[in-house]
């Protein structure tokens, strides 16, 4: 199963880095839970509670921290 | 969907960095949940419980850590 | 709204860094929730449960990590 | 009990780093809980709630941050 | 209120660094909640649930990460 | 009370670093809660829920990040 789309942490822009962070979080969940309904966390349209969304946003923030460091913060 | 306003982590001041952290957290939630009502986490006026607010503040702190490092801590 | 008191992460001492961490966490909550009653998380006298206080302490720890790095750990 | 498969954090690719992150999270749980049923957190097919999956994804993100740094982000 | 005992992050040993991490977490809670009963989180003898203790241990781990970096990991 | 077994973060291998992370998390809990029954979080055989185990695994991941950095990632 592909866990890191493109198999690299390097992206051209912060926007692409953020998209990668979202994708990687989603792939983690997919690696653990193959059932599509459960897997909707992190997917566009996921209708979790506000707290569920905050928790998901936190994972994205943590993934992004790694990606940003990998890219020298796109400075 | 725009996930990083301005597509850069570089800001002139810590204040602007903090505003970016709030905006990025909000955009993450927007990427996952397009429904406006759910999306209010991180938005001014969000009336979650004290614990919900603490959880949201934690995401902001994590986003800010990345932004601050990107900016050499504005030293 | 002021999110970083003094608009700098630089402080003279760890004690002042810690006070800044507390203030920044509080300001995040204030940016999201303008209602004073909800906003009491992180405020002196906040009577949340032990777990709520632990969660708040975690946010302070994360903010402080950034501030400490910004200050070269006051070495 | 083996906690770090291969006893190294160095991997050839981000994909392998991600697999190691998943494996290390799983091994932690195994070190604490030897009962197979409980241990299913982090295992493919684990049918936890969306929030449980988000929590598991967060641990993977934290493990991966360490592995990515160890590998110089595979730059 | 004293938030960083000794007003320094520098300690002679990892053991002292760990004690400082515990003390700083405790002081955070004290800054937010002046009531002694609530404040028992992080105090020896605190009888929270296993999850409450895990949450407290996480805050100690985060504080310690900062202190360890400040001390060059006592290498 | 001993909080860092051996009073050093330096270990010969990632495996030993991981064992130290588990031990340090366990010692934190022991410093806060001297009652053996409560203290079982992080101990082999702890029968918490899947979410409790995920939370415990997260603390181990955070402790390990510090230990891995201290050891230059055993590169």
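The letters A, B, C, D, E and F name the chains in turn, as written, and every chain counts its residues from 1.
As a convention for this text, a residue touches a chain if its C-beta (ideal position, glycine included) is under 8 Å from a C-beta of that chain, and two chains touch if they have at least 3 such contacts.
From a predicted model like this one, the values you see are computed outputs, not experimental measurements.
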Number of hops, chain C to chain D, where each hop joins two touching chains: 3
Copy-to-copy rotation for chain C and chain E - C-alpha atoms, rounded to a multiple of 5°: 60
Most distant chain from chain A by Cα centroid: E
Between chain C and chain B, distance of the C-alpha-averaged centres to the nearest whole Å: 15
Rounded Å distance, chain B centre to chain D centre (Cα mean): 27
Residues of chain F touching at least two other chains: 42, 46, 48, 55-56, 58, 62, 65, 69
Chain contact topology (line, ring, star, complete or other): ring
Ordered ring members, chain D first, chain F second: D, F, E, C, B, A
Of chain A, residues touching chain B in the complex: 13-15, 17-19, 22, 42-51, 53-58, 60-62, 64-65, 68-69, 73-75
Interfacial residue positions of chain E with respect to chain C in the complex: 2-4, 7-10, 24-25, 27-29, 31-35, 38-42, 46, 48, 51-52, 55-56, 58-59, 62-63, 65-66, 69-70
